[in-house]
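Alright, structures below, take your time with them.
Consider the two complexes below, in which chain A is the common component and chain B and chain C are the respective partners.
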Partner chain A sequence: MSTVLWESLSAWWPELILSLGALKVILAGVWFKSPRGALTFAWLFVAAAAAALWVAPVPPSTDVFFGLIVCDPFSLVFRWLALGSVAITLLLMSASRELPLSLRGEGMGLLLAIGVGLMLMAEANHLLMAYLAMELVSLSAYLLVGFLRDARSSEAALKYLLFGALASGIMLFGMSLLFALTGQLSFPALLEAVRGLSGPMASALLVAVSLMLAGLAFKISMVPFHMWTPDAYEGAPAAVTALLSVGPKAAGLALFLRIMAALAPAWPALAPTVLGLTVLTMTLGNVVALVQTNVKRLLAYSTIGQVGYLLIGVVAHTALGHEALLLYLVAYLFMNFGAFACVVAVVNETGSESLEAFRGLSKRAPALALSLALFLLSLAGIPPLLGFFGKFLLFQSALDASQAWLAIAGAVNSAVALYYYANLIRLMYFVPSESARPVRPAAALHVALGLCAAATLLLGLFPGALLEWLSAHASLNLL
Partner chain B sequence: MPVQSLLLLSHALFCLGIYGILTRRHAIGLLLSIELILNAAALNFVLFSRAFGHVQAQAFALFIIALAACEAVVGLAIIIRLSRTAKTVFADHVDLLKG
Partner chain C sequence: MALTALLACPLVGMLLILALPKTAVKAIRSVALLATGAALLGSLQLLAFFQPGRTQVQFQEKLSWIPQLNIFYTVGVDGISLPMVLLTALLSFLACIASTSITERQKEYYALYLLLEVGMLGTFLALDLFLFYVFWEVVLVPMYLMIGIWGGGRREYSAFKFFVYTLAGSLAMLLAILALYLRTRSFDMVHLAAMGHTLDLGFQQLLFVAFFLGFAIKVPVFPFHTWLPDAHVDAPTPGSVLLAGVLLKMGGYGFFRIAYPIFPEGAQWFGGTMALLGMINIVYGAFVAMAQTDFKRLVAYSSVSHMGFVLLGLAGLTAEGWNGAMFQMFSHGVITGAMFLLVGVLYDRAHTRNLEEFGGLGVRVPVYAAFLIFFSLASLGLPGLSGFVAEFLALIGAYGRWTWQTTVSVLGVVVAAAYMLKVIRQVLLGPLNTRWAALPDMTGREVISLAPLLLVVLALGVYPLLLLQIQDTALQQVIAHVLGQPWQR
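Up next is the complex of A and B:
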């Protein structure tokens, strides 16, 4: 018993450090009125977690904590993604002027708790763990969305809470039905039990799995469970929106892949529906984004579109598809956080979130405008940026899985998306602004922007090492 | 107690919860409907953990009870904030965000 626990802990230090950090930072946030103490603690714990993840040994048996959690190479990529999104969000939160100073410490504590939840979502090997991890992320996220002291933020939090709680309730009911059918809770045992089902039990299984997938689809804002996305993103503080548009999407997709691996016999019956919803997701996201006038709302619909591209890797269901998914997630982390860092800088300066606030930005802040243009072009998938390689690999995996029209739908959508990304660039470069006051981003934003821009550009030019690392970690065997 | 009638009860609870979500306008009424759904799932877990002799599922039911309490805390906090800033607790009166 104690040896199992000790072996498990040795593979699990990053999560442990981050959870202790969450508690400590919340305490520091309540204790000190200035957010500086909480910020220092938050960075200390994030750095310690990163160090622990860097040296974390691969456990002798990959399932730790009695099979509740699995620490395999696949989850390692998602743990780094979760830690990366927490670190960049910390930079954005410390620079953002919209968050009330007295609440920032508590916000950072909740942020670290979300980080733990994201890591657990990617590692879950048991229905209970999957549910707990999703709730840890959701409950902290509901609170963070409502952190501003205005009616819009509270409204966004209420909508997010109601939709989210309903989705997790439906998912939970699906899990209970799945348990009723199979009598198993851990993923490897579920796979065995599901293989034995036939006849009416197999159709009942489809009902249970559909209910579960509805909850997951909510988390990754897949059509038709995307309605909360634009409202929650618009009302939330920009730094929190940035986190929501990357972290839970990545972890949700990891959990999606794991659950589908555990329920592999049900996949052929579900694949056509997921395929159709993938095309719908990217089309709806990109088409509705065309008419948006609020930049956070625009990026919310752009997120829905990007999730559509990411789902191509899931639908392709091949090793190449998974590798492409991982590559695009890394690219998406840098380019989307970069774009949101620019939004935070503009909102700090002008207090406005409308697209008009970006007019003439090239004169007021040349470096900021240039980096935002870089991120938007990468999101649109223009070579030689990192976003292009991710998209290219995703479409390639669709072609290899002989789903050519999925690749065609993706390509058409990329062309549509280019219009609204280019429109923002046009506003920055070719439309004069009323005010000529220069925009000076805070130091933390400079760090975030520099990091994201360097990664988007350099990894795009030299993707070799990243590709090698990812293909070593992608695998079809997720149990 | 036969499994069938208890299964019927848990499904009835689930459907009541969904019906409540679709018809209630008060935010607290909506939260209560969600609690019904969570309890339907917990009932299923307890019922089948007994049928299969599976102890972990009973632990699952305990976790559901704890998390339902957390969700109620977070939900009520958000509703109190909403009633202070937007001066309403009716879900169809909050419509600042759209487009």
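Up next is the complex of A and C:
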């Protein structure tokens, strides 16, 4: 008993460090009222977690904590993605002028807690664990969305909370149905039990899985469970929006893949629906984004569109599809965070979230405008940027899985999406600004921008090494 | 390494310019001139060492790029790509000289200009489909910004239309490239061409159409041409020169390099449509050009008409037709480039392009008049100048297979004479409009940017073999391959 626990703990250092960090940072922020100290501690713990993950990426025995979680190579990618999201969000938070200084300590503590939750979501090997991880992320996120404490922010948080609670309830209901059918909660055992179901029991299984997926679809903003996204994104501080648009999406997709692997017998019946919703998700996101005038809402719908592309990798349901999904997630991490870093810089300077605030940015802040253009072009899928290579792989995986229509839908959507991405570039470069005052982003933003821009461009030019690393970690066997 | 060095010239120039402060306009301009000049010298050196009789790709370089997907950095030239490389390098250098009309945001302008040259050169050098696609798309962004920032008229709208239209076409091409890869596991153009005949007909037809969409929008083929007049008219002069002179050729080049060799049966199946579209392009473009009052718009529509000869020659699938089509790509690039430069010269002085407002300028600006008359005659296909050779060969080559389409197309040549002579009459002849009594003639710099083009047009018209001997071997080989003889490389 104690040896199992000890082995488990030693395989789980990054999460452990991050959890301790969350407590310590909240303590520093709330008790000692020292936002600077909180920031330093947050960085220390994130760095320590990264070091721990670097030193011991995959433990020898992957079944830790009595099979509740699994630290396999697949989850390793997502643990890095979660750490990356947390680190970049930390940069954005420390530079954002929106967040009241007195609250930053709490915010950073919650951020680290979300980091733990994101990692757990990708590692969950048990329905209970999956639910707990999702709730950890959600509860912390509800709080962060309402952090501005103005009417809009509070409304967004309340909306997010209500929708989220409903989705959790639905998901929990699905899980309980599943437990009633099989008597199992652990993923490998579920797969065994589900294989034996037939007749009316198999139909009941479909209901249970659909309900669970509905809850997950809420997390990843998949149509028709996307309605909360634009409102929550608009009301939340820009740094938090950035986190929400990447972290939970990645972890949600990881959990999606794991649940689908555990309930594989139900997949053939569900695949057509998921396929249809995938096309719907990208189309709705991209089309509605065309008419947005608030940059956060624009990026919210863009996120929905991007989730649609990511789901191509899920629907393809092949090793290539998973690989493409992982690569696009890495690309998405850098390009979307990069775009949000620019938004934080502009909001800091102008206090406005309207697209008009970007007018003439190329004159006021050439480097900022150039990097935002880079991120937008990458999101639009223009080579030689990383976003293009990700899309290239996703479309390839769709064609490879004989889902030509999916690839065509993706391509048509890319052309549509170019409209609103190019529109923002148009505002920055073609339209003169009313104010000539230069925009000077804070140092932390410079770091975030430089990192994201370098990754988007260099990994896009030379994706070989990244692809190799990811394909070693992508596997169809997720149990 | 000759080709990588050629690509590096503008790329290094761009990086240097980015490192310079934006107030150092003189230094920025000098770097840009040096970079484009070096690229021109590099391409001339290629010409000097090129062996015209060989069927193999020359100066080939092959480096592994993304090994997991069998993607290589493969570049090389043969008789099809070399003329295009020369054209790109020449026009880029001359249009760079003519870029003095750009008076604001020079740093951004020249950096984008050089990036554009990298993309254009790369498109013609690439022998790997993935690499080709990357370069193909790299061209879009600088041109979009160039039209949108330094253009005139409805520049934002035109830039947008250009971007979205071409991207939509490229995406069809991207899917086709992926489908082709999944079938053959290769992006190597030479390898793919060699196995062209082994692909089944339905697959070939489908992919040919997808590639056709990508290339046709670029050429542009009727009915995908509507972006062209807007983009050409609203772009700044150097942008128009490169758009008409080089970017349109990227589409035509795609047919020669990719669509025909890799999908030979698909191409033959599509031949009738191709000839028909070529005919429509020629006749429709000519008549619409005839109706224009804006000088630049007239030249833009004349491009639609002239590019039709490329399609018609291609559809002919004969040595004459293909040589004519290829010759037309080069010749049209030079002539239209010069025409847009001439429009720019006039516009810089008069600030109008309305043909009806001019008149009698021949007396006032004799040097300009001489250039305009020369290039107008070249454009309408006067024997002894390069345009005639190209159109004559294309018509002859297509006649055997597509008789009535070719016959109707001749109408385009007649109308071309009409609208080009109309330009000469309205601008140069008649009584001098007193508004232009003080119009200065061309400056030395403007003469320098146009004189080389004049020499090229004249040389190719008098002695077409200069170009024909470079391209003929490669073209003959591709035709033989498309018609069913085995690939010999």
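Annotations for the structure displayed:
Here is the rule we use: the second predicted complex is superposed on the first by the 476 of 479 C-alpha atoms of A that agree within 3 Å, B and C clash if a C-alpha of one lies under 4 Å from a C-alpha of the other, contacts with A are read in each partner's own complex, and residues count from 1 in each chain.
Heads up, the rule we're going with is that a contact is a pair of C-beta atoms (placed from the backbone, for glycine too) under 8 Å apart; a residue touches a chain by one contact, two chains touch by 3 or more.
Owing to the predicted nature of the structure, the values given are computational and were not obtained by experimental measurement.
By the document's definition of touching, of the two partners only chain C reaches A:L467; chain B does not. Of the two partner chains, neither chain B nor chain C is touched by A:W13. After overlaying the two complexes on the shared chain, residue contacts for A:A407 are found with chain C alone; chain B is out of touch. With both structures placed on the common chain, the touch criterion links A:I382 to chain C but leaves chain B unconnected.
In the superposed pair of complexes, A:F392 makes contact with chain C only, with no contact to chain B. Within the superposed three-chain arrangement, the count of touched residues of chain A is higher for B, of the candidates chain B and chain C. In the superposed model, A:F32 makes contact with neither chain B nor chain C.
In the superposed pair of complexes, A:A422 makes contact with chain C only, with no contact to chain B. After overlaying the two complexes on the shared chain, residue contacts for A:W43 are found with neither chain B nor chain C. Looking at chain A, you'll find no residue that touches chain B in one structure and chain C in the other. Listing the residues of chain A that touch chain B in their complex gives 127-128, 131-132, 135, 139, 142-143, 146, 149-159, 161-162, 165-166, 169-170, 172-173, 175-177, 179-180, 183, 185, 230-231, 234-235, 292-294, 297.
Here chain C touches chain A in the complex through residues 65-69, 108, 133-134, 137-138, 140-141, 144-145, 148-149, 155-156, 159-160, 163-164, 167-168, 171-172, 174-175, 178-179, 181-182, going by the rule given at the top. The residues of chain A lying in touch with chain C in their complex are 362, 366, 377, 382-384, 388, 392, 395-396, 399-400, 404, 407-408, 411-412, 414-415, 418-419, 422, 425-426, 429-431, 462-464, 467-468, 471. For chain B in complex with chain A, the touching residues are 7, 10, 14, 17, 21, 27, 30-31, 34, 37-38, 40-42, 44-45, 47-48, 52, 54, 56-57, 59-60, 63-64, 67, 70-71, 74-75, 77-79, 81-82, 84-86, 91, 94, 96-99.
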